[in-house]
Each structure stands twice: as C-alpha cells, then as structure tokens.
Amino acid sequence: MAEKVTLAVFSGEMDKAMAAFNIAIGAAAMGMEVSMFFTFWGLNIIKKNKRPIKSRGMMRKMLNTMNRGGSKRLPLSKFHMLGLGKWMMGKLMQDAKFPSIEEQIAIAKEAGVKFIACTTTMGIMDITKDDFITEVDSFAGVATYLAEAREGKVNLFI
Amino acid sequence: MAEKVTLAVFSGEMDKAMAAFNIAIGAAAMGMEVSMFFTFWGLNIIKKNKRPIKSRGMMRKMLNTMNRGGSKRLPLSKFHMLGLGKWMMGKLMQDAKFPSIEEQIAIAKEAGVKFIACTTTMGIMDITKDDFITEVDSFAGVATYLAEAREGKVNLFI
Amino acid sequence: MAEKVTLAVFSGEMDKAMAAFNIAIGAAAMGMEVSMFFTFWGLNIIKKNKRPIKSRGMMRKMLNTMNRGGSKRLPLSKFHMLGLGKWMMGKLMQDAKFPSIEEQIAIAKEAGVKFIACTTTMGIMDITKDDFITEVDSFAGVATYLAEAREGKVNLFI
C-alpha cells in the first residue's frame, strides 16, 4: 500500500497554496497517496473563478462577497499591497517558468492528488457544492480527515 | 494503547482555534488520545475571560493589556475588521448551531482532551498559572511536548 | 537509528522562528535528528544580516529590498507595530534570559540541527546561495524534504 500524505489546507493565501501544492505534487510524483483537505479560508483555493456565490441572509452575502475566492484571486500572506505584491509574485512565478495556482491544481489532479472540501466550514459560511471547481473529489468532515491522517506518514496543517 | 494526536496551538485567532478544537474533539470522539499544547499567542485561547492580568514592568503591562486574550476576545485571522468580522463569524456559527469557542473548550474537556500551557512563553510574557482557565491540565515545556509528539500518529502545528 | 523530526519553516516571523527553534533545539537535546527546511518567507530567518541582496530586474529588486530578511530583522506576526512590538519582545526575551534568534541559530547548529534552504523559492525570488548565512547545510527542493519527512516521527509545517 502506498504511503499516505495528508494536507489540511486552512489558509487561503497564494503563497501558502503554492507550498501546499508543491508538497502535494512532489509527494504524488514519489508514488505517495496524497489527500488535500481544504477547510476555512483554504476553501477559497478550490472555489470557482466565477461570480460571487449566492447566499441566504445579509451577513453571509457580505462574507461571501469579500471572501469570494477562486484560484486567481488569492492574496499574498505578506506584501499583498492591495494586489500589487500578488501581481508581482505572479510575474516572478511566470519568469521562473513556475506554474500558476490554476495550473498547479491541474497538475495535482493529473498526478492523482485527492481534493476534499470541509463540510463544516461550508455549513457555517453557507457555501454550496456548486461553488467549487469540478476537480473536488468529495465533501467531508473531520472524521474523514482523521481517518486518513491516522494512516498518514506525513500530516501537515498549512 | 490509544493512538495519540498532538496539536501545538501557536495561533490565538478564533478561526484557527475552531480548526484546532474541531480536530481535537473529532479525534477524541474516535477514541484517540488528544493533547493540545498552547504556546505563544495560542495561550490567549485558554486565558480567563476576566480582567487584564497583572504584570511586572511597563512593557509586560502593555503587552498583557493589548494581548489580553480569553476565549471570547479572540480576533479572526482574516476580515477581523475591528471586531465586525469576528462578530459576524460568531453569528454565523450560532445560526449554524455551531458551538462557540467557550463551548468547544467545554466539549473538548468533556471528551478527555488534555490542555497543556507552554511554560516558556509564560516566562517570557510574564503570565502566571492564575491567568488561565481551570480546564488547563498542566504546565510544561518543549520536552513534554516532544515526548508526546514522538508517540503521536497525527502531530499538527496550528 | 535516531528518530527524525522535520520542520518546514514557511513563515518569516520572529515569533514563529522562536517556536521552530525551540522545538528543534529541544528535539536535538533529546537525541532526535532534526532537519529544518526553510522555504518562502522562512528563508528570511537564515539570510545574512547584511546589505540587501542584488537581484536582476526591478521587481526582484523591490521584493528583495522589502523582504530583506536576516535574523535581526524578522517582524512579529502580531503587535509588530512598526517595530515597537518586536523591540519589546526582544527586551522581554532578554529579561527572561531567553536567547535571541541569532543565538538560537547558533545553539541549534551546535546541537546538530540541519538547515536546508528551499531552491524552488530561491529560483522564484532570485535569491542566491551567497545571500544565506554559512550555517546553511544544503540547498534542496521538495523531494529532499519529503524523503526525510516520510521517515519522520514528527513533521510540522510552521
């Protein structure tokens, strides 16, 4: 049986997403079985790059407009500078022929990495399955995460 | 012997605390033995919701006033917006019948999760045992943490 | 064979660096074999405390001036307050006879902790080997990290 790697992706920033996908893709390339559990702000990484999602109630509307997400809209955790730093980082990645987050998502899927979205956060923030990209394999809670993590050789919280 | 889970809780934000307790409570429910090591800003989660603590010297006074802590005073790591975002998140959690941090602390304790406060940070910031809620099981340093983590199936830094 | 600990140090803040070194030094003292993989902003911790590094192109110049790094220039993740909070934290550490980050680096090396700098980030940000302190043992990518982490008893992402 292949060795397991689980990544709990809590953060929704571009730089943390890069680190997560870099590890996920690397581990899959080494023959390991990788599951990425996206939770809380991390859900933004796997949201569609489309229109803001529709939500019930004013507060959820506000939250889901501000917190719109999508792989192209992730901020930097440092030096975001209203988008300038993020734009620069995108350019530097391009220059270094480093794939964008969107491309990393595709590469990870191609390599067999599993994407799981956290249903607990979805409930609290009123995000529905339709709000996510089709690359998401399943929707689950903490019990599913722990069932995999307890078998994991490498478990990280990012 | 039950499988062990250790969580090093470094961050003092409401959202990270929710993730930590969600994993802790889930793991305990699955029969795993869970230890939460609260360190640095994470200590705020298990401070009393009372008066600012008394400290020696002006700098410690300033730090411990700004960094007052308590489960009801934790900011959000994103969209805190001077408390508005945090208030909204509290409302959303209520709406979704999700327990507050205070309630999660009680549930975790009920489920047998152990709370350990980091003595190294306590020393640097001049926080005393009296500043913490009574749910804290023990006070210890990194050696205690590592002794548990080396036996852990799942070890996360949050 | 000694038990392994791996720390992926993604964050470049003084407080997170303290947590990382505290764990690294503690684990080494307990006879464990510790590798610290510095990546992304974490590279700042092991940059020289000297002049800003020279980079090709305006964007890299900007980034590497803002993101200058060096163990003495790390901000706090909370209450940095344009340097005041960081200065206070330095004082509190001194008062508590707690070693500075610079001293912690020396202690960790003395204890046999291995420092590895992430070549992927170095490529994107145009950082060269000369920009790092001489304590760095090697320069490597994610495959090297995973080869160690899969053997690790404790693997943390900080």
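Order of writing sets the chain letters: A, B and C. Residues in each chain are counted from 1.
The rule we apply is simple: a contact is a pair of C-beta atoms (placed from the backbone, for glycine too) under 8 Å apart; a residue touches a chain by one contact, two chains touch by 3 or more.
These numbers were taken from a predicted model, which means no experiment stands behind them.
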Chain-level touch network, classified as line, ring, star, complete or other:
complete
Classification of the chain A:chain C interface as same or different, half of numbers criterion:
different
Rounded to a multiple of 5 degrees, the Cα superposition angle from chain A to chain B is 120
Can you compute the centre-to-centre distance for chain A and chain C, using the mean CA position of each chain? Integer Å is fine.
25
Could you pull out the residues of chain A that touch at least 2 other chains?
155-157
In the complex, the residues of chain A that touch chain B are 8, 10, 12, 39-41, 57, 59-60, 62-63, 66-67, 120, 123-126, 141-143, 145-147, 149-150, 152, 155-157
Mind pulling up the chain A residues that touch chain C in the complex?
3, 5, 15-16, 18-19, 22-23, 25-27, 29-30, 32, 77-79, 85, 88-89, 91-93, 95-96, 98, 153-158
